[in-house]
């Protein structure tokens, strides 16, 4: 049994980790940390976990974590995560970080898009970008795993094989992405107020969203040249799920493009290339990414549509997948559930 | 491994059976039957099940069912279920019926509330009402299990211990129940049209809903006298979940009422008496029923609030619980998941 | 043209006043006050009002109000409203208060249910309860109009004629009410977070909600004896609307009850006794209250169902109706719009 | 008073016409026609119209229409509309058609995208495309007004001034559009089932949606050369509203682009160029189109965001605007309401 600690257990990705791990056959949550609710039972905040996690929240205590946990998920905001990463790493505790703080190869890019210096810039060379479909082998040996962003997982996995194979032009690449409200986190705000969101819809962070830089980093590596994207996120009046509609100029026919995607993911447990275009309800509740496409010969354009659950494959599920790899467990352990469908 | 067949696999309770059974460690779906979609892959209708159920839908064939299944769930509309029940029973196949056709002790009551004669009236004496918290021992030995209705499970389990102990007056009993739209089934209609339901709310079947009679049957048995209820269902603009607000006149104090409920369910894996009043999000996704209450000494009234997921504890989950009992599996097998919370 | 001022113009009832008054033929908003956003254009917060209200928000200034406004709507939280009421009243400005601060005949009842002393207890004898269907004549001559609560308008108008005529028993009276989230106001909180509300449903304030006392005050006056109610509010995952399901014991037949309600509201422009039971979509967007009922002879119970838009007939629309009465305008001026239906 | 007839009055655009016209100061609905519900009161289907339209639905009868109506709105499905158009036109009744049957300059384009021959191909030269911002003068004199599609109004008005002024490249033009469910009409289907739509999101008609051809027709005319678009519609889990995110390559700077849009719509009552990007809640309930944009110098791209209410500016409101023009009424009569905001 892998003994798990979670920092930031009361946030949405933290709660989702607890929920998913309650069904994991080879891992068990042993310590849950919250800076604001120490002493309280987690089920007081989330009665849906009654009978599945009877732990009390605790204050941060590195010695305790080291004594009781084999691995820690840091589910803290970017910036806040840095100091926790350093403390855990210095204590020798392997960690999977769900913030952006370890995701960049170049601390300058982080600084430019996040507007603050990266507090763990010196650790970046030791970190791995925790996208199993790309960095599976490196993840197995790494103690600093940077769990990718939700939008970015969806975008990178859709485009990477085609750019790597040179089947689409490097520009323009336009990613029109739509996310559920859990992506905005648990903290109440005008943005997340039911009455401001229900029945409405909007774009946000247009031309400026931070995930742009993370997508560009990974796509550039795949293409072997600099890739710039238009990335436009939107807020959907749903709780969970991301659906991205991606536009590119094809350099090959529909058959070749389909073959490339199918080949790339033929052995992947959580990525499916589907014939009917993905919908949120096909993936929400599961750790799966669905990718489909339409080929518009009339106007010379490839339209990719991909979807995932932002809290699972886009965050906590992928983090557990990384844990499974790191601890040599079956990669699908605790993650092999179908979508909820309804 | 218990080999499972499902009649009506493309309906909402049928799909939910497939989804839940995909995670069951000791049962496996072997045959899925649909009168309208035979030949088609189930995943064509429900891509969220890709990788979890690769069976094709088949036409009804009793010989095939008998050869390949140890148990059948009949997830058909009332009336349509009767002939299937008879055929399976005559073939010696144990069955769990999700319709109303086997739920009544008295076929006349069924006829009065459903407006048609009960086609399996002769089988009623051999059937058991599949509410494990009440009829657990009988279920273990029965081949005709009548899975209770969604509203009724919620209402009966909330009131039964108090009526049996004489802690509330037998009248008035008022059950104001609110259900998600999956309770109306998969068939498109004006009632289930998104634009007619989203942002709206309404009562329906007021004074006439069929589940009234099922609730009264079981509560009368518990009380040892005839119990009549006001039962008012409402349609909530959500997919899943039932929350019932129940009003009764207490004959005892708050402490005694709480003790009675706690004692009744102390050893039940799926019924929790909670201190904070239940909300849909505390139970949706799980097989749990939550029961809470407020005691209004000022006006002399007990207000019970209970909640469950209508597709799980209110239908398919409870049906699997019955299967587990009937086949001597752990009662919680395949059902021990927390609520989704988000 | 009646010149209107609004205190608390950025809250939900304030915004709704601005929206509705933009279509009023004989009133015009001249001054909008906000303690937190003075100096800002209202349309910066509500771009949907572009072209309809180009005023900037101002700080509270009694002299300015007196100079520029014939009437003021105070749309402030209870408690905060008291001082504003006093200042306006002393300045001789007629006001319509949307808080609870002027609603009670007995300041002790307010203190008991709100947990604070009533800061304008001395003004209560001069105030009128602004329910036009009951106090129309008094409203015409009053400068301190206490606009009723949303739940209470719905409950009182449904029950009042029947209690006054002695057609229902004084007890039990059970009001099971369900409201949209705008009822919780604009301030972000866990309760109003989209992800905590969408797909969920819950009761709140059970046995303790403040509107209970307001309902009991008015029903007791109508019945000529003390009336106590069970009042249970619930939070619906919709933006607007209240639907109440009300249970009472009839002392007369269905015909007599229907006749009584129809007679009570035959000449009312905004109350309709309907044959098909009300649904939120029949009233949301309008200033109408719909009342329907089912008579359950089997169990001896009357089930009333009534519905209104909590921001219109339950707050801002009713406030404008009161203004129309006070200023001798046609009672329906600016309020005669159909429900949105979709 | 303009006397109005409506064919297809029970559909969503028909009901919206009735609702909006109930507040029109210079037009009155005199006849409502339904092929399926003749004889029934419209309020039986839409109780929200009680007190605002007490007409009974009638069967189609050209003589009656001619006698009682000055203008007819044909709110029928494409194909079904053709015969009605011909009959009304031959009878000399001016009409505003909400289907696609009169929208094309070239009947072959209609046939290619709709898969059926255009039954009124001979009338197309006499028809005007009823987009007031473009064809205002022609509309005033025409008896065959083709009301534009919902997606197309939003797309054409966003792009037309920029293409006409040569400020964007003619290719690529990518329109990623998202619509509420009323756009799919009133007929119940799996697509519009609450449980299939709520909490989900999907693209549909990718590369093949019929509105593509209508958009291309009008943009080509504006640009003076053939324009081809990628148009991808999506289904939002909301009732009303369309938001389009449009990507193009700029040939000028941000200032020049903003100036061009502002100049184009400076005198338009229903089109606003806004600084904060549009959201559905800014326009739903109004007849307004909001257009905003972000200029991404980093990647050389213009991102336009535009939003309207698909049932109002995208259908019935625009149809009334056309009627106002045709009958020399103030263009904003009956249409000058703010967005609902909540």
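Should a chain be cited, it is by its letter among A, B, C and D, assigned in written order, with residues numbered from 1 in that chain.
The working rule: a residue touches a chain if its C-beta (ideal position, glycine included) is under 8 Å from a C-beta of that chain, and two chains touch if they have at least 3 such contacts.
Just so you know, these numbers come straight off a predicted model, no measurement behind them.
Participant: Select, from B-C and A-B, the pair of chains that is joined by more C-beta pairs in contact.
Facilitator: Result: the pair with more contacts is B-C.
Participant: Among the chains, which has its CA centre at the largest distance from subunit C's?
Facilitator: Result for max centroid distance from subunit C is chain A.
Participant: Just how far, in Å, is the C-alpha centre of subunit C from the one of subunit A?
Facilitator: The computed centroid separation for subunit A versus subunit C comes out at 46 Å.
Participant: For subunit B and subunit C, what's the span in angstrom between their mean Cα positions?
Facilitator: Centre separation, subunit B to subunit C: 39 Å.
Participant: Could you put a whole-Å number on the gap between the CA centroids of subunit A and subunit B?
Facilitator: 36
Participant: Which positions in subunit D touch two or more other chains at once?
Facilitator: Residues 12, 182, 195, 198-199, 237-240, 278-279, 281, 284, 342 of subunit D each touch two or more of the other chains.
Participant: Which residues of subunit C touch subunit B in the complex?
Facilitator: Residue positions touching the partner: 171-172, 174, 176, 178, 195-196, 198-204, 206-207, 228-230, 232, 234, 236-241, 243, 245, 247, 249, 277-281, 284, 294-296, 298-299, 301, 303, 305, 342.
Participant: Flag every residue of subunit B that touches subunit D in the complex, lowest number first.
Facilitator: Those residues of subunit B that touch subunit D are 12, 181-182, 186, 188-190, 192-195, 197-199, 237-239.
Participant: Please give the residue numbers of subunit B that touch subunit A in the complex, ascending.
Facilitator: That would be residues 12, 15-16, 19, 22-23, 44, 46-53, 182, 198-199, 239-240, 272, 274, 276, 278-279, 281-286, 288, 290, 311, 336-342 of subunit B.
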